[in-house]
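Below: the structure, in C-alpha cells.
Chains here go by letter, A, B and C, matching the order in which they are written, and residues are numbered from 1 within each.
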Amino acid sequence: MSDTHAQTVAYVRETMLPERAPPATVVGPIGWARENLFSSPANTVITLVALAFVYLIFSILIPWASHNTWSATSLADCREMTGKDHGAACWGVINERWRQILFGNYPEHLRWRPILDLVLLGVALAPILFTNLPRKMLYFSAAYPFIMPWLIWGGTVWVPVLAAMGFVIGFLVIKFGEEVLGSLLAMVLAVVVALVWWLFLLSPLSDVLSSILPIGLEPIGSSRDIGGLLLAFVIGVVAIGCSLPIGIVLALGRQSNLLIVKTLCVGFIEFIRGVPLITLLFVASTLLNIFMPPGTNFDIVLRVIIMVTLFSSAYMAEVIRGGLAALPKGQYEGGDSLGLNYWQAQRLIIMPQALKISIPGIVSTFIGLFKDTTLVSVIGLMDPIGWATAIRADTAWIGVLWELYAFIAVLFFIVCFGMSRYSMYLERKLKTSH
Amino acid sequence: MNKSVFIGALTAAGLAAAAAPAATLDEVKERGVLNCGVSTGVPGFEAPNADGEWEGFDVDVCRAVAAAVLDDAKAVEFVPTTGKTRFTALASGEVDMLSRVTTWTFSRDVDLKFEFVGVNYYDGQGFMVPKELGVTSATELDGATVCIQTGTTTELNLADYFRVNNMSYEPVPIETQTEAQQQYLAGACDVYTTDSSALASVRSSFADASAHTILPEIISKEPLGPLVRHGDNEWGDIVRWTLNALIAAEELGVTSANIGELSAAAGDNPEINRLLGTEGNLGEMLGLDAQWAVRAISAGGNFGESFERHIGENTPIGLARGLNAQWTAGGLMYSPPFR
Amino acid sequence: MTTLSDPPKESFRLSMLLYDTRYRSMTIQVIALIGFSAFVWWLIGNTAQNMAALGKTLSFRFLWEPAGYDINQRLIEYSSQSSHFRAAMVGVLNTLVIAVLGCALATVLGIIIGVLRLSRNWIVARIMTVYVEMFRNVPVLLWIVLAMAIMIETQPAPRAFKGDDATASMIFDAVAITNRGVFVPAPSFTSGFASTGLNWLIVLLVFAASIFVVRLVRARATATQEATGIRPTTWYLQLGLLIVPTAIVLLVMGLQWTSPELKGFNFKGGLHLRNSLIALWLALSLYTAAFIAENVRSGIMAISKGQSEAAGALGLRPNRIMSLVVLPQALRVIIPPLISQYLNLTKNSSLAIAVGYMDITGTLMGISLNQTGRELETLLLGMLIYLTISLLISAAMNVYNARMQLVER
C-alpha cells in the first residue's frame, strides 16, 4: 500500500505536528465551568439556582455569627455589646460554658485522664486495624477494656486487675478442664467459676489487696460527674466494647442449627431492634432497679450503659452476621476438612475474616450509637443537650438557644464525620481481595 | 459510683437477696454524701452555675439536710430528674430525698407512697399573657393556645379549669420550662400557665417584662415541698425538722450572721436555745448531735435569707414573700414549736 | 470373600450426651433453655418482690380510668374525660401518622438527592454531598429540636396577621404559615352523608375503581400492541377515567374548601398542621433522606456501566436511561436497606417527646405514666406496641421486596 501511496501523493508529512493548546473554552477554569456548570441551558439554570441558594444560606449565617461577643457574661451583656435584641450571636455562653459541654462536672484537675483514655484507645485499636504493627501490642489492646473504666472512674487498681483475672481463670479452667471433662462441660464450668469470681470473690479480695497495697487513682465523686461529650464517649465506647462479644455470641447463635438457641437469639435481636432506644432508656431510668434483687442500686449511668449495651449488641449481632454470611462456604468447609472443631474453626478461620469484613459496619454502628447517646438527655442525664437545657435555665443565659445547639452540632459533626471518613479509609486499606 | 461499688452492689445482691432496707440515715452517713433529687433546671429554684455547682432555693434545703446530717453542706450529690423520672428515682432509693418544685397531692402522698415533709413554697397555678392581647381575666381565654409543662399537675388543673368553665383551648405540651418560655415569647402560644412563682421568675427574665401580665386567677393550690419515701419515719423526721428549723430560725431572728454568737452560749430565749442545742437534747432525739440545726442554718442562712438570695425581690426572679411570709407577717410559713 | 456384618449395635451411654454430636446438640439446647428459664424466673421473682415492697401490683385497670389531660392532635374523638386507653390509641394513631408522612417524604427526598449527588453539575453534586454529610453526622434529636426552634423563632405569630399594619400575610389567602403551625384549607362536604369518614370512603372507593379500569385499559392496549405491533393512544382515555368519576362524586357531594380565618386568638377553620408535627416531620424526613440518598447512590452505582451504555446505544436519552433502565434495577438493591430506614424512622419518631408531639411515647409512656405512676405496665404496653408496628412494617416491606426481586431460574 505504501508504495502506491508514495507514487500518488506528492508530499507526506513524516513527523507529527506539535500538539496545539486546546481552545481556552475547553480547558482551565473556564473549560471546567463550561463542562460542569453550564453545559446546557437547563444546567445553567440549575447552577444559578444552586448558587442563589448557597448565597441565601451564607447571607443569613455570616451576619449572625460574626459578632465579637466572646467576652460577654450574660445575654443582657451581649445585647448591650451588639446593640441588637435579635439576630446577633452571643458567643459568650460558649466561652463561659464549653468545658461543661465537653466534660460535664468531671473534676477539673482530673481531666487529663479522659484525654489520656482517648489517646490510649487509639493505641489499643492500632494493632487490630494495622497488621504490620508489632503483634505484642495486642496485649495492650486486651488490657485496654480494664484500663479504660479505671482511668475514668478512678479508685483502686485492684478491681480492674482482679476483673481481668476472672477471664484468665476462666481460660485456665477451659484449658485444663478440657482434657478431664470434655470441652462442653469445661466451658460451662469456666463460665460458672468466672461468675463466682466476679460476683463473690472480687469485692472482698480487692478490699484486702487495696488495704495491703493501696495503689490507685483518685476516685471521682460519682458517675453523675461524667457529663457532656465525655458522657457520650463513655457510653458509646463502653457499650460498643461490651456489645462486641455479646454480638458475636448472638450472631453465632442466630446462625446455628440448634433450634432453641436460635429462637432465643432471634427473639432477643428482633425484640431489641423492634423497639426505640428511648423506651429502653425509660426502662433504664424507671424499671431496671425493679428487675434487680431488692437492695441493689446501680447508679443511673451504669443502668444506661447496661441498656445501651443490650441495644447495641443486637445491632452488632446483625453486623457480624453480615460478615459471617459474606464468607465463602469454602472457608467453613476448609475448617472442617482440617479436622478443627467448631470453636477452633471459629477462632482460627471464621472470626478473624468475618470481623475484618465487619469493621466498617462496626464503625458505623458506633457512629449511630454515639449520636443516639444524645437521647439520654430525655431521661435527665447531662449529656451535651442536657447541659444545653441546664445552661438555658441559668438566669444569666435565659433566651440563648442557637449558639448552644450550633456548638453541639459542630462537635458531633467533627467527631462523626471524622470517624466515618476514617472508616472509609480503613475499608479501602483492609480490602485484601484481589 | 466507682467500679468497686458497682461490683459490691452486685455482690450484695447475690448474697443478701432479701435483706431488709437499711435506714436511710445510716446509709447516708456511711456513704458520706446525700443524694438529693432536683429538677433539670428551674431558675431560682435549682440550676447549676458556671462552676457546675447547683444553686437555688430548693437546693438550699438539700444543703441544710446535708449539713445537719453530715456536717458538710457540700456533701450533696445532686441528681437531676425529669417529671417522669423523679418519683421512680425516689422510690428506687436512687435519691434520699426530692427537693424539686413538687406539688404535695393526695395521690402522690398516698398512692405513690411518698411522704411530703412540709412546704417550702406555697404556690398556685396562674396564667401569663402578653398585654397586647387585652385579656384581663382567665375566663376570656376561650380558644386560646396554652403552653404547659408536661409531667406536672398543671396539665390536669388546666383541663379541669377549662372544662368546668366550658371553654376550649389548644394545649401545647412542653418538656422543660426554658422551652416553654421560648415558645411563649415567640408567640407560639397565647398563654403560658404554670406555678405563679415560675411565671413571675419567667416574666422577670424578659427583656420587656412590663409587656406581659399575670392574670389574677389562681386556679389551683400548689404547695411545693421536699419529700421522702414512705416507711422510714426517722429519715422523714430529719428532713421535716431541718426544714422547720430553717423556718423557725427566721421567725426567731436567727440568721447566718448572728448564729455563731447565739449558739455559743444559752441565751434568754428558751426556744432559740432548744433550736440551737444550747438547751435540751432535741438533736439527740433525731439521732443527730446537738449542733445539727446550727449547721443547717449556717449552710445557706435561714428560710428568709435563702428566699431573698435566690428568688426574693432583689434577685432577677423578684418574687414577693406573699403567702410565703412568716405567719407573724401575714403569711403561711409556720413551724411547729421546737420543744 | 468377606462377609458384611452389621456394626455392633450401640447401646446408649450417658457420656454420649456430651461426646456424641447427635445428642450433644440436644444437651446444649437443654442447658441453654434451663439457663434462660432460670434467668427469666429470677427477673420475675425480683420484680414481684420489689413491687410488693413498693406496695404496687401489676394491674392494667388504670387504662379504663379517666385520663384527665387534653391532647391537641387527635384523629379520634377524645376529651380529658376519656380513658387512658383511648389516650394511648390517640398516641398510636399519631405515631402512625408521623411514620407514614415521614417515610413518604424521606423516600421522595432521598431518591432525588441520591440521583442529584451523581449529577454532572458540579455545584449541585457538591451541595448534595454537603447535605448528606451534614445530616448524617449530627444526632437526629438535635435536628428535631433545631427544626422546632426554627419554626417557632422565624415564623410570624398569628398576631402578626392581624390589623391593618399586619406584618405577615397568608399565601393566596388560603395558607397561613405561623409559628403555631401551618393552617391549610380543609375539604368538607355540604351534601352527602352525615359522617365525614363515610364520605371519604365513597370517594376513595370510586377512585380505586377508576384505577382498576385504567389498568384494564392499559392491559388492553398492551394486548393490542402485542397482536398488531401498534400501541393505541390511550393516555387521554386513561386520564379521563382517572379524574372524571372522582370529580363527579366530589361535585355531587358538594365538596368545598374551608380556608383558615383569623378569629380571636388564632386561626380557625381549615386544617391545622401543628408545629410539633411539622418540625418532627421535616427533621425526621430530612435526616432519613440523607441515609436513603446514600442507599440510592450506592444502588445506582451497583448497576454496571454496561447497562447504561447499552441503553445509550439503543438511542435512549439520559433521563429515560435513568428511569427505564438504571432505576428499576437499582431498586432491587435499594429496597432492603430502605426497609431498615423506614424502621429507623418509625422508631426515631419516638423522639416526638422532645417537641411535645403527642405520639405513643408522649401519651401512654409520657403523661399517663406520670399521672398514674404505673411504669411497668405503661412501658411494657408501649414496647409491645412499637414491636408490633415494627414487625408489621418489616413484614409488609419484605413481601414487597420478595415480589420485586428477580425470579431466578
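For this structure, a couple of remarks:
The rule is short, and it goes like this: a contact is a pair of C-beta atoms (placed from the backbone, for glycine too) under 8 Å apart; a residue touches a chain by one contact, two chains touch by 3 or more.
Note that the structure is predicted; figures quoted are calculated from it, not measured.
Taking A-C and B-C together, the chain pair joined by more C-beta contacts is A-C. The chain with its Cα centre farthest from the Cα centre of chain C is B.
The distance from the centre of chain A to the centre of chain B, each centre being the mean of the chain's C-alpha atoms, comes to 40 Å. Per-chain CA centroids place chain A at a distance of 27 Å from chain C. In whole angstrom, the spacing between the mean C-alpha positions of chain B and chain C is 43.
In chain B, the positions touching at least two other chains are 18, 21, 84, 88, 175, 182.
Chain contacts: chain A has residues 282, 286-287, 289-290, 292-294, 378, 401 touching two or more partner chains. For chain C, residues that reach two or more other chains under the stated contact definition are 49, 53-54, 149, 153, 353-354, 375.
By the touch criterion stated above, chain B contacts chain A in their complex at residues 1-4, 6-19, 21, 33, 40-44, 47-50, 52, 77-82, 84-85, 88-89, 92-94, 175-179, 181-182, 185, 205, 207, 315-317. Contact residues on chain C toward chain B in their complex (touch as defined above): 49, 53-55, 68-72, 79-81, 149, 152-153, 156-160, 179-180, 263-266, 268, 275-276, 353-354, 356, 358, 362, 366-367, 369-371, 373, 375.
Here chain A touches chain B in the complex through residues 79, 85, 96-97, 100, 104-105, 149-150, 153-156, 159-160, 163, 198-200, 202-203, 206-207, 219-224, 282, 285-287, 289-290, 292-302, 378-382, 386, 389-390, 392-395, 398-399, 401, going by the rule given at the top. Contacts from chain B toward chain C in the complex involve residues 18, 21, 83-84, 87-88, 91, 111-113, 132-133, 142-145, 150-152, 155-156, 158-160, 162-163, 169-175, 182-183, 186-190, 230.
Every residue of chain C that touches chain A in the complex is listed here, in rising order: 18-19, 24-25, 27-29, 31-33, 36, 43, 46-47, 49-51, 53-54, 120-124, 127, 133-134, 136-142, 145-146, 149, 153, 343, 347-348, 350-351, 353-354, 361, 365, 375-376, 379, 382-383, 386-387, 390-391.
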